[in-house]
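In the two complexes that follow, chain A is the common piece, with chain B as its partner first and chain C second.
Right after this comes the complex of A and B.
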């Protein structure tokens, strides 16, 4: 497996997923931007209702009606081999970005759309590219691309896949065969409850073999052999016997191992783990976390790890995204996040873990997570925030670097950047937000 | 049963409220011949002091919930005594039991399923008062309003329904119902496990406030050890129906004595990425409580199991392989074979139960196995080939077992008729903390020592 280490393998920009019911619209994921590099683990942490799982399902293309990924969202899978493969297999769905660049000027388009560069995950208008606009769904308005175009080649000639050096597959636009190859094949997912991802009436081996047949065309004796080897890889002893057993004959930890084996059957590059150890005991959790780290090492897997357990996050993550009411409110490498959390919500979350202040009452965060129904016009955490001031009700904070020294630690809070005056900080939030409405 | 030299939890001069002695709760299998019972609680003894919080921790299936339910007589004890203020409640029945139950209540884990969705909050909290015919209807209503105040809800919530409340608020409702009859003793069964961390903190604060205000005594069952460390005065660690270690919380957490406690604590990820805590991962899963190991319950997974002296020199990896092999054979022995497999076996076709080649390859492929061990492994493979897993297991046991597996030391083979040896409770600190492990005895090295050597 070839890895392009210099760029993220998964690039999520301004992801918005909403659920439309007669009663209300729930903006479960509201403008989430982050990326994952090969071999890296990105943790996503937040309370129930913060939008963690919907983010994962959106990336996997598993959002079902009445939910929908909104225009402007982009989830890019950036892997050279895959782009080559797709360009070869789906020439009709492939876009040569060089052609678009010759025809369109991104700054003009941006002005016409009246959008802030942040809608494309960029901080300056000059950084927005034609590919950004075309991939995020806005390109359809200008007739730049067809509705089902999902392979964007930014380096090389798509007509000759061998020459392709750069590009991405846009997961939010992929459908049919293109989506099926991506989902499960390139990006796989492990869910919280292993019993819901295993079919009780098929043997574990059969379920792994199904995945092998669909994604790698392996069948028969060879598939059985491969399935047993996969079970061995995830640390299930006596795999040759186990492969013929049913899920109910496995213990909880073994089931989760089997589910991981299924996810790995197609040799994915990105593994999304949605609370994979929440239903397990700590000693079994330790085994599964150890296994995931081992597999990541061996296969250079990029892992997105969702959990509400701060201990697990500290253990597994390289980078952490803290989510609140559909937004990422803070992002940092794991050490600074725990040593010096910046967003008042992150601070509150860490303070409420028992064991921080021996013998004292536990700190709490008053109130509960709101359900985001409308585009945010203020800080969603303000009503519960101990540090809130008047402007928090008027300006929606965007995620900015917490001070001038870092790009890597960002927080969506009007208190930051904290090396500028309050007025300047407020202005940068207001400006960045400008034109973000749609 | 073992002859305990130390009573597991005896601390003279305290105001003891609950005394549990050699308590057993077995779930019998239905059917004509009874079958093998599940030994959910298998001989535990401890005291609970008035006004304290005793934590009960352990992995799922270790019997902690069964123990909590048995204390409240929601399950029938198979043997042993539970004395509340001197009265053995296992002997109560009818009117006496009904009267006593007002005094001992329970808060359940899942606030979603423990509240009846068709009753208003007022009705739910009032129900225990109605059942026990407490005073007049008007007084009951007033009492419920007071209880809503007490747990931090509003009086106007009286006429609302459970679905209108969040998880944290529902748990408050459950707590209010528990308090209705003014009990002295409450079993809290994972009361905050289903809640988010910030909500969890609120409920824990509430429970602490209530304890101070009403002088309550808690048995706090949980698997989240950070919560236990915060709220409990003392902790009992359970494994497979036994209490492995019991003692004051801080001491037990900072300097665990029992190998199981050490393993459990080391498995908890700390919310601190710079933590340098030594981590050793337990292999395998807890054994089936229907077929517990004969000696120490933790022997099959113990990182510091006592080894027979003649094999003391063996590589860590070889021991690991032998451990896994025993587990594989135990599982095979109990696995059900389908009709097709039975026919296949009868016809002499290869069966998935017959060969050990691949397993050996997986377990011992990369390690140097000494000759004496290899010859045992070969004999084991032959026995498995002939479908005799039981004999294979017995052979492995004879060769590699020690006092931890219930076999007398140095006796070589073992006698079927001998009662398996169980560990004893040893006092491991001045505060009277007790640990259930052979390694505390004079003849062996302490768990800490061995742990550093084998996994350091």
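Right after this comes the complex of A and C.
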């Protein structure tokens, strides 16, 4: 039996979200893989247009037409209590993975699909499981699961929820009620602009109570009481009076605190913060970051923190994902990333933090983020990269460990792994990519 | 209490508006080209008759005195009609016609309210679908047709159906009104049949009078919904896991109502102007028609009293509009705190 804190609570694999318009297809998120453990903060950093916000919205199920999460994407919410609850509440949507394993052989399926293990966020074929194939939506072709099945039980008997020890809810497959319980109830989100993310015509208390009623069934006087306590928790003084006030009566910082209180009302396990401090001034920003850290300690929250501010990222994150043109180009713990950035893009980002080279002009990365229209066949950063060489135009780099000593620091750049010769490095990228082309 | 203070302030501001409107009316009618004496006596009147009437109506007094008398009569509703209803107290003349106009106005507001806004909301919730196109295009067509033209066309078509036209006869379908042609609604409200007849008599005029507002409500309703639907707080509501029905009814509709409030109250202003035309075309014996007659005959006390009433109504609606704002939108009126 696997304890909950030994596995990530949120496991995003090969997430692809595209927007289909008459003119073009925009692959805003293109094969993003990362995970978040309970109590951990994972930062997502990148320029505007790199796909950070779309990643967050995809996880929340908030991508709207003409946007769509593509087949092969998987966002797993791995939380035992939730899987139990879902198995009990939605027996029709629940799949016993043991049944699937008895029937199908993952290696055969993999061969038939002609996909590389990377399409399932795995580095070699033996690691791919039947659950991976079913959850990512490729299983639908074989009739493995129904289109709306989203609860996968990998340990225990789904017929008897008490015995369930392991499993996950697949967020990309959830719809209707199952999706609504997940979003807001288990995964909450704080948006960028507190000025517009509260409805101006309802009191702050009313908007908090809405979540309380929906996810925790608290109503009436008790809900008002709870809403006031939540406001107090996020550091709003005189909360009892403030509950009855309208958003316009709050200052910017207070409003963001209220938004955070609203997100926490349903007692989520994962909090997605989409640039929560960008619209605030620096002192308020520091207060909000402090508040988030405090709340994380108290509630063991897993936080996904999106920002374009490298300074903020260094401050809050445990792990950092650097995104560029819809892909994660580098992932590492925060110290190695700042001390020894590997990907030329990350190096460029760190170089362009103001104030490092006194008296010089601020260094920047020339050009702007391209809009990916099709699957990558080359390095998307190559046109702006100071270290680019010929092969960068021919091989699409995959994210590999930067050297043999580490598993935790990966970069999608043909220069790595740097303990091998250039030829070997190129080959490992080309091979890993191999089956990926469709 | 700031809401009430704001409200009271608006009410006080209405006093100078009323005052200046009445003064303008006096100057225009008294200094304008229309002569009530000629209108009343006709072209063959003798000079002696004319000067006697002139004296009787007080037109020979200093303008300043006339102005004061005019104003006090207005405020107390105690003047007498000069020409149109010669000798009749204006209060009586107005009371005898106001019912029909209120009846007309009631339906002319109700119909667009319950057709225009739902259609607009429907279109806004399903942007760029067939339903949206049909609603929007018909809204524009509706708006493009001026009500005086529509009124004449409607009258011509309905008259043609008399005795059956493609199997349809407006006069006998539903409650029979063939014996009541050219009459105004009785408004006795004594039987259901009577009410239905009254509704039928007023319906064509009400639809045409409300047509412009209906189209305006449709268009603004659609835009308001579209604007509200894309607002960040709707995304927040979705992220909370609310059902789309709750999001639409609670979060979108109330915000979409804010830009609609002035449209709905403005409708009343259009109605007042429109009722003058529509009542004249449909020969409905209402306030609008009375006003039309009074103003063309330079019946200063009567026209003045009707305009005074209209102005009171508009001021009242403006205050009502502000009041509705403070009810729907909590941000209004607190700046003065």
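Of note:
Just so we're on the same page, the second predicted complex is superposed on the first by the 435 of 438 C-alpha atoms of A that agree within 3 Å, B and C clash if a C-alpha of one lies under 4 Å from a C-alpha of the other, contacts with A are read in each partner's own complex, and residues count from 1 in each chain.
Following the convention adopted for this analysis, a residue touches a chain if its C-beta (ideal position, glycine included) is under 8 Å from a C-beta of that chain, and two chains touch if they have at least 3 such contacts.
Keep in mind that this is a model prediction, so the values were computed, not measured.
When the shared chain is aligned, chain C comes close enough to touch A:215, but chain B does not. In the superposed pair of complexes, A:197 makes contact with chain C only, with no contact to chain B.
Chain A is touched at more residues by one of its partners, and among chain B and chain C that partner is B. Once chain A of one complex is fitted onto chain A of the other, the partner contacts of A:363 are limited to chain B, with no touch recorded for chain C.
In the overlay built on the shared chain, the residue A:189 is in contact with chain C alone; chain B does not reach it.
Judged by the touch definition given at the top, the superposed model places A:349 against chain B, while chain C stays out of reach.
By the touch criterion stated above, A:284 is placed in contact with chain B alone, chain C being left untouched.
Overlaid on A, the two complexes show chain B and chain C touching the same residues of chain A, namely 249.
The part of chain A that touches chain C in the complex is made up of residues 60, 62, 180-185, 188-189, 191, 193, 196-203, 210-211, 214-215, 246, 248-249, 259, 262-263, 266. The touching residues of chain B, when paired with chain A in their complex, are 59-60, 166, 168, 196-202, 204-205, 208, 223, 225-227, 229-231, 263-264, 266-275, 279, 281-283, 285, 324, 327-328, 331-332, 335, 352-353, 355, 358-359, 362-363. Listed in rising order, the residues of chain C touching chain A in the complex are 231-233, 235-243, 250-251, 254-255, 258, 328-331, 334. Touching chain B in their complex are the following residues of chain A: 47-48, 232, 237-241, 244-245, 249, 251-254, 281-287, 289-290, 308-315, 317, 334-335, 338-339, 348-350, 352-355, 361-365, 368.
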